[in-house]
Amino acid sequence: MSHVQQSLEIAYIGGGSRGWAWKLMADLALEPALTGRVRLYDIDQEAARLNERIGNRLSSRSDVKGKWHYETRTSLKDALEGVDVVIISIMPGTFKEMEVDVHAPEPFGIYQSVGDTTGPGGLFRALRTIPIYEEFAQAIKTWAPKAWVINYTNPMALCVRTLYEVFPEVKAFGCCHEVFGTQELLASMVVHEGLVQDPPQRREIHINVLGLNHCTWIDRASFRGVDLLPMYRRFAERHREEGFETGGERTWENDYFTSAHKVKFDLFLRFGLIAAAGDRHLAEFFPVSWYLKDPETVRSWKFSLTPVSWRVENQKSLEARARRLASGEEEVELAPSGEEGVLMLKAIAGVEETVSNVNLPNRGQIANLPPGTVVETNALFRYDSVQPVQAGALPSSLLGHLTRHVAQQETISRAGLERNWDLAFRAFLSDPLVAHLSPSEAERLFSLMREKLSPSMPGWE
Amino acid sequence: MSHVQQSLEIAYIGGGSRGWAWKLMADLALEPALTGRVRLYDIDQEAARLNERIGNRLSSRSDVKGKWHYETRTSLKDALEGVDVVIISIMPGTFKEMEVDVHAPEPFGIYQSVGDTTGPGGLFRALRTIPIYEEFAQAIKTWAPKAWVINYTNPMALCVRTLYEVFPEVKAFGCCHEVFGTQELLASMVVHEGLVQDPPQRREIHINVLGLNHCTWIDRASFRGVDLLPMYRRFAERHREEGFETGGERTWENDYFTSAHKVKFDLFLRFGLIAAAGDRHLAEFFPVSWYLKDPETVRSWKFSLTPVSWRVENQKSLEARARRLASGEEEVELAPSGEEGVLMLKAIAGVEETVSNVNLPNRGQIANLPPGTVVETNALFRYDSVQPVQAGALPSSLLGHLTRHVAQQETISRAGLERNWDLAFRAFLSDPLVAHLSPSEAERLFSLMREKLSPSMPGWE
Amino acid sequence: MSHVQQSLEIAYIGGGSRGWAWKLMADLALEPALTGRVRLYDIDQEAARLNERIGNRLSSRSDVKGKWHYETRTSLKDALEGVDVVIISIMPGTFKEMEVDVHAPEPFGIYQSVGDTTGPGGLFRALRTIPIYEEFAQAIKTWAPKAWVINYTNPMALCVRTLYEVFPEVKAFGCCHEVFGTQELLASMVVHEGLVQDPPQRREIHINVLGLNHCTWIDRASFRGVDLLPMYRRFAERHREEGFETGGERTWENDYFTSAHKVKFDLFLRFGLIAAAGDRHLAEFFPVSWYLKDPETVRSWKFSLTPVSWRVENQKSLEARARRLASGEEEVELAPSGEEGVLMLKAIAGVEETVSNVNLPNRGQIANLPPGTVVETNALFRYDSVQPVQAGALPSSLLGHLTRHVAQQETISRAGLERNWDLAFRAFLSDPLVAHLSPSEAERLFSLMREKLSPSMPGWE
Amino acid sequence: MSHVQQSLEIAYIGGGSRGWAWKLMADLALEPALTGRVRLYDIDQEAARLNERIGNRLSSRSDVKGKWHYETRTSLKDALEGVDVVIISIMPGTFKEMEVDVHAPEPFGIYQSVGDTTGPGGLFRALRTIPIYEEFAQAIKTWAPKAWVINYTNPMALCVRTLYEVFPEVKAFGCCHEVFGTQELLASMVVHEGLVQDPPQRREIHINVLGLNHCTWIDRASFRGVDLLPMYRRFAERHREEGFETGGERTWENDYFTSAHKVKFDLFLRFGLIAAAGDRHLAEFFPVSWYLKDPETVRSWKFSLTPVSWRVENQKSLEARARRLASGEEEVELAPSGEEGVLMLKAIAGVEETVSNVNLPNRGQIANLPPGTVVETNALFRYDSVQPVQAGALPSSLLGHLTRHVAQQETISRAGLERNWDLAFRAFLSDPLVAHLSPSEAERLFSLMREKLSPSMPGWE
């Protein structure tokens, strides 16, 4: 099928400070079927301007197939008016707040491996993000009501939910690569187990996805007509104790984003479904007594607590790199990122349909989660259309663990939209990671975090 | 409205060993609008025969308005064939098993105040009760498919659910008096707060009920056109620290079934709804860190752990009393029990409609709990008809605590029907009272209980 | 139970021109448990003032138990601000419009026996009523958001729906006496069939109600513990041909509101449920070939087409009577109206709970009609609370006839709120009474009616 | 992606007498990725044996890429045991019965253009087919419970529904090519309207499908990033009067299966969605006054009533051709049939995922049709998996026309399963094509058809 190139006008909100923007630039550059303009908007205008230079420098290269023009915009209105697509990838607050999110609960025996999705850290992060997303939703409603909105920010579910709560007609969905990591693990497995010799493409591993972002599950997986579940059972049993690593340079001991999948194997053997996120995310959804009791327990499960101090350092090196890329001292590497954003853009533009997993309000795609909850399942992407695929039901033995978080999502959403500290505390008290505290201890921790964080929470008294 | 007396044929399953049967006898004797026959069936035939004598002796008294004939039956078929109503009130297993249910988890830091509904004790009790209720359901389907079935046995929700799982057309509901206790508390409050001088009838306190049995909630309460919620807030705040007791002989320190309502007040101030069950039941539905951390914590909340040794002693005195009642040495006291069973029988027989709270599979009476879950709400009782009243939705801040138990209900139900130890352990591991154990500790406790209990669990390997 | 009298502040919207207001006045006067003030508001201020005089004159009588003060208000704001209850009973438009509604379709072979609920007449009446109810809903939202709103206006379902569409938190329900007529028929039957000698109170006939207003059904009926369905089957079979009349002065031949129940019997024998509305209303919900083919067919079913000319004459006599009642020439007759409005007011005021049938948005009370549709079922009325009772499901053989009207309700609602002629015509074309016309004939009739009616349809171009 | 060939074991039920079997044979022969065995089962064993010879003769040809072995089986058990896939394509009854289905209602003014789906003909056809499908469902449950079952028989929805009613775990879906015809029309349109020069592949026209089989709708259609709805509006307006034909040999005047799409255009302009079935099927779902009033009206809409006499003649020529194909006198033409069955088989076998429209019980894929109704939407086909894609909701203006048929589906299903003539007549009376008859005329027609048809309806009294 030969197409003319489809042209898109994209607003990119945020992205000023991290590597996500460059990954997207590379993916766009590698895609011949699309072209267009990317409007960059970031509260750190300097960062946006650096990205503008990096992007346009890339577009000028001869090895680039998809040419895009990058432009910094300094108001949401200018960024949004008339665009086809809005991409949002922001950091809500600074590392100073994240330091509180993640580390303030530690003296109370709450060790969070990420702290951006659930637990005390995820909750406070949500409370400060929801007002920002309210503003985005209003702006999109006003200036780009027909645009597709792709969210990459965490807490994913609450960001997407806020967009829909404020502007129910919004065409928004949330993208997350955590499931891809599990597909990669399955791709490694089929080689390791001798089914094929050469590692297959990740997308050849067909999976049915259902759950909440970062606590997503796979209940059917196949590869070239082979059911992978029985193989995964054997695999998980064999590697339950020692874990499994693919053997690259990155190991769970030297890289915060790598694990030995022991949590994943343990969860499979407990519930019979493949947990489809990084171990560090999964661990936060279960009682602290399971995987996060204390730093030693975490080590025994072969994954790491990500300290915010590391993020601060990492950010500095990214900033230095941004300057080198902008000046031409260094070139953007033209390699596929492994993300599926551009695949989705192609489908929405009518080039080629695709099926991928996304976060959307439940309309029955998960039969036994309530309507309105933002859930993660596969969807069919086509021209101007994203339709969830019916994923079926979660088994009841797992359901109780998820429905707690479903109720949390609703309570936190309402607490954030109403700027309601009382409701926020009710959610805090009901968080699984807080359950081992007495209510009065929980109150103490909540007050402490509130005191430190509320000055930088706009809109909260 | 003058009626002829309606006649009913009732099968009473169980009841041989406890005071419930005598309460019903007294209530029936006091009711002029009904008459008929009660067929007594108990695996302890001797107990059934004692009750037969007690009942018939009572019917022969001149101060009795509703005359009933009592007959022991020795097979389910004989008990059920052709009856209008089946009442089930059994003790599944013996105190020997209950000793394990309640006390075996204590060395693991799990203190259960009742142990018959949720937690490790409730779970094992359910596992041995479900096969018994399967048999009842089959028998009812065969010999009394049109009969109304009233359940009084715990675990209430799982007993009722089993009847519906096995025989979906069954006309069964479950009755529990725990909500009445909270109505009594509200009746005391309106006097204590000076709204009226004389304590009102319990049924004058109008309430909207929603939740799961023993974790039921009231979100609207009124008395003679006065909204009681604001008054209860003041009341709960005032008595939060010290608790409230009505001042009778029974206090939380000398009676296992009495509390100072501190848990109830605390839950109201946390969630904004009136918890409507005894504190000892409510406590078991929340994290152990809240009310059940250890015996000292329990005392500080002014309620008690009910030791099974007490039940054993109590049972002995009931048995002695049964003999006295049967021989005429002692007379059944003709006083209303405070239960509503006879009120319901009258409504079903077409004498007088009534509204009361019962346990039924959810068909939307609670808007945000899933269909099929056995829930507790008000229902309208009329001739041959029990229709749930739409109770509305639970607030999300409370919902997560309940949906865990909803998922447990489904998992335990399936585990019991399939005699599936693996699924039973999944449920065990997901129980809130078990959450502070590591999975391996949980496995140890489960194995211990299984070893002790499985010999007396018919149908389980 | 002795109560102090409860006091209510009521806004009565409309009622200026018809007998409804006087019925309510009499019912209020007869009720000792309530007192208060009624604010009268009508676009015909003169009529409101007459009612004020009639009401206050009545209150001054010594035989009146419930004293009420009546006051005319000349703005919606003054009528509504701070009231406890709003009663709406208006005539949308004048008899001039109703003349078109009912009679314009006759040359096209569409004979409407009432023309205010469904069919071409019901549709146009709805289109001009919806904007009026939009205004009411906005006014209630602004000035009396906590008030209970009782609607008596037709088309009932669309009036109630409009209130909820515009102000979803409104506490509104719709009352209609059509079901009562069927209860009266059943009360006559139990005497006629020899079950009792004296006609029982209507409310002793217990019924389960489910359906759409004016196309409501009874699937369970009992009286003092006797199931009335088998008796009704024999009764319907016996009277199918000749019909049944109670033998009073009013017969189907001399009174437009009386029938011989032949349609009701026919529908029962076709579908197995008791149709619970007047035959003249029921007939309009089915294909014209059934009961409304032509005036002869109508006569053969022993009910009448109500000509608007009769209504005009009747109105004149009511107006004359109003003047007599206001001047004291004639006295309001102190007899119960048979309506249940005051019973409901008592329940809402907390005096005494009651169960009655009302029109409310479906929240599952009818299991197989969609959420949001305004349906009629029983509800439990209590202090500040109206809760639907779960009525079960309609049989599929009847369901298709009702779901057409469910879809119509939604389309007409949207057409009215959007003032969308195109959508209005789609609804018109899909109306069962229009089905025998070709689309082009239907267009001709629609244009004709639109031309005549649109000048008096405010807000429609 | 290079695959080894996947091997499948297929049972083909029916197919003995018509061209469908040969189309499948050709499609299988053209597909290199699949191979295996087809077991042929037909009550006409001679026909099955002819097909066996035709199939094996084809497989022996060198130009065939997918080799299949064909074998006649003489019992359902032998046909089904152990297969991966069951294909059912039978003719329920003979043309003798179809003659009654289609033509007996004509003297009553009911002209059915097909008579196999809805209307009196569709109803009686369903009543005799349901018992046959009950038997199939039982056989599949017993001998091939894990097999995928593909139905091609009409009435499609009721065949599929019967399979699920009898064996709820069945993995069955129904395939119908009517939607493809509308895609072809859209493919012609894009050429005709000058968007492209060369007619595109049908599957390049991306559509969202929702509705009931033969009354299916398209609410989104696109081609290479172009929204086709606005173009279709212009197209329908332009061709509303004269119709549109692609200009091939077949015209609505010489071919019963061809139309000028006038009904389709009219429906689009009335409802705003593209009707996606042949005009002759669509017409039967609406009031007779629209398209089927009499033969002249039908001609004016430029489609035909298909007389059963033509089917009889056509069958004879197919039988003659079967003999020629079996003997080698004529060769099976190796051209793609345009059907998607083999595409689906490939997906289910894990070769390549596909999206296509199928008939499945509603589990929310159509938001405003009830659960359990067999509906038609897109689904995602993958290895051992068919998942509906969420298609959204039908507009209310169209909904009422469809929900009548939804209720009919349920009533007819129950009537068939219970062999309940009374219920069957209730459905008959509620059929839109019967609405212009008075109930007594309807009874007359029903009795007539029942008398003629019941002798050949096994299981009916």
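Read from first to last, the chains carry the letters A, B, C and D; within each, the first residue is number 1.
Please note the rule applied: a residue touches a chain if its C-beta (ideal position, glycine included) is under 8 Å from a C-beta of that chain, and two chains touch if they have at least 3 such contacts.
Here is each chain with its UniProt name: A, B, C, D = Glycoside hydrolase family 4.
Just so you know, these numbers come straight off a predicted model, no measurement behind them.
Minimum number of contact steps separating chain B (Glycoside hydrolase family 4) from chain C (Glycoside hydrolase family 4): 1. Distance from the centre of chain C (Glycoside hydrolase family 4) peaks at A, each centre being the average of the chain's Cα atoms. One finds 43 Å separating the Cα centroids of chain A (Glycoside hydrolase family 4) and chain D (Glycoside hydrolase family 4).
If each chain is reduced to the centroid of its CA atoms, chain A (Glycoside hydrolase family 4) and chain C (Glycoside hydrolase family 4) end up 54 Å from each other.
Counting only residues that touch two or more partner chains, chain A (Glycoside hydrolase family 4) has none. Within the complex, the chain C (Glycoside hydrolase family 4) residues that touch chain B (Glycoside hydrolase family 4) are 1, 3, 6, 204, 206, 208, 220, 222-227, 349-351, 353, 355, 363-365, 367, 378, 380, 382-385, 387-392.
Of all residues in chain D (Glycoside hydrolase family 4), those touching chain C (Glycoside hydrolase family 4) in their complex are 266, 270-271, 287, 289-290, 293, 368, 370, 396-397, 399-401, 403-408, 410-411, 414, 423, 426-427, 429-430, 432, 435-439.
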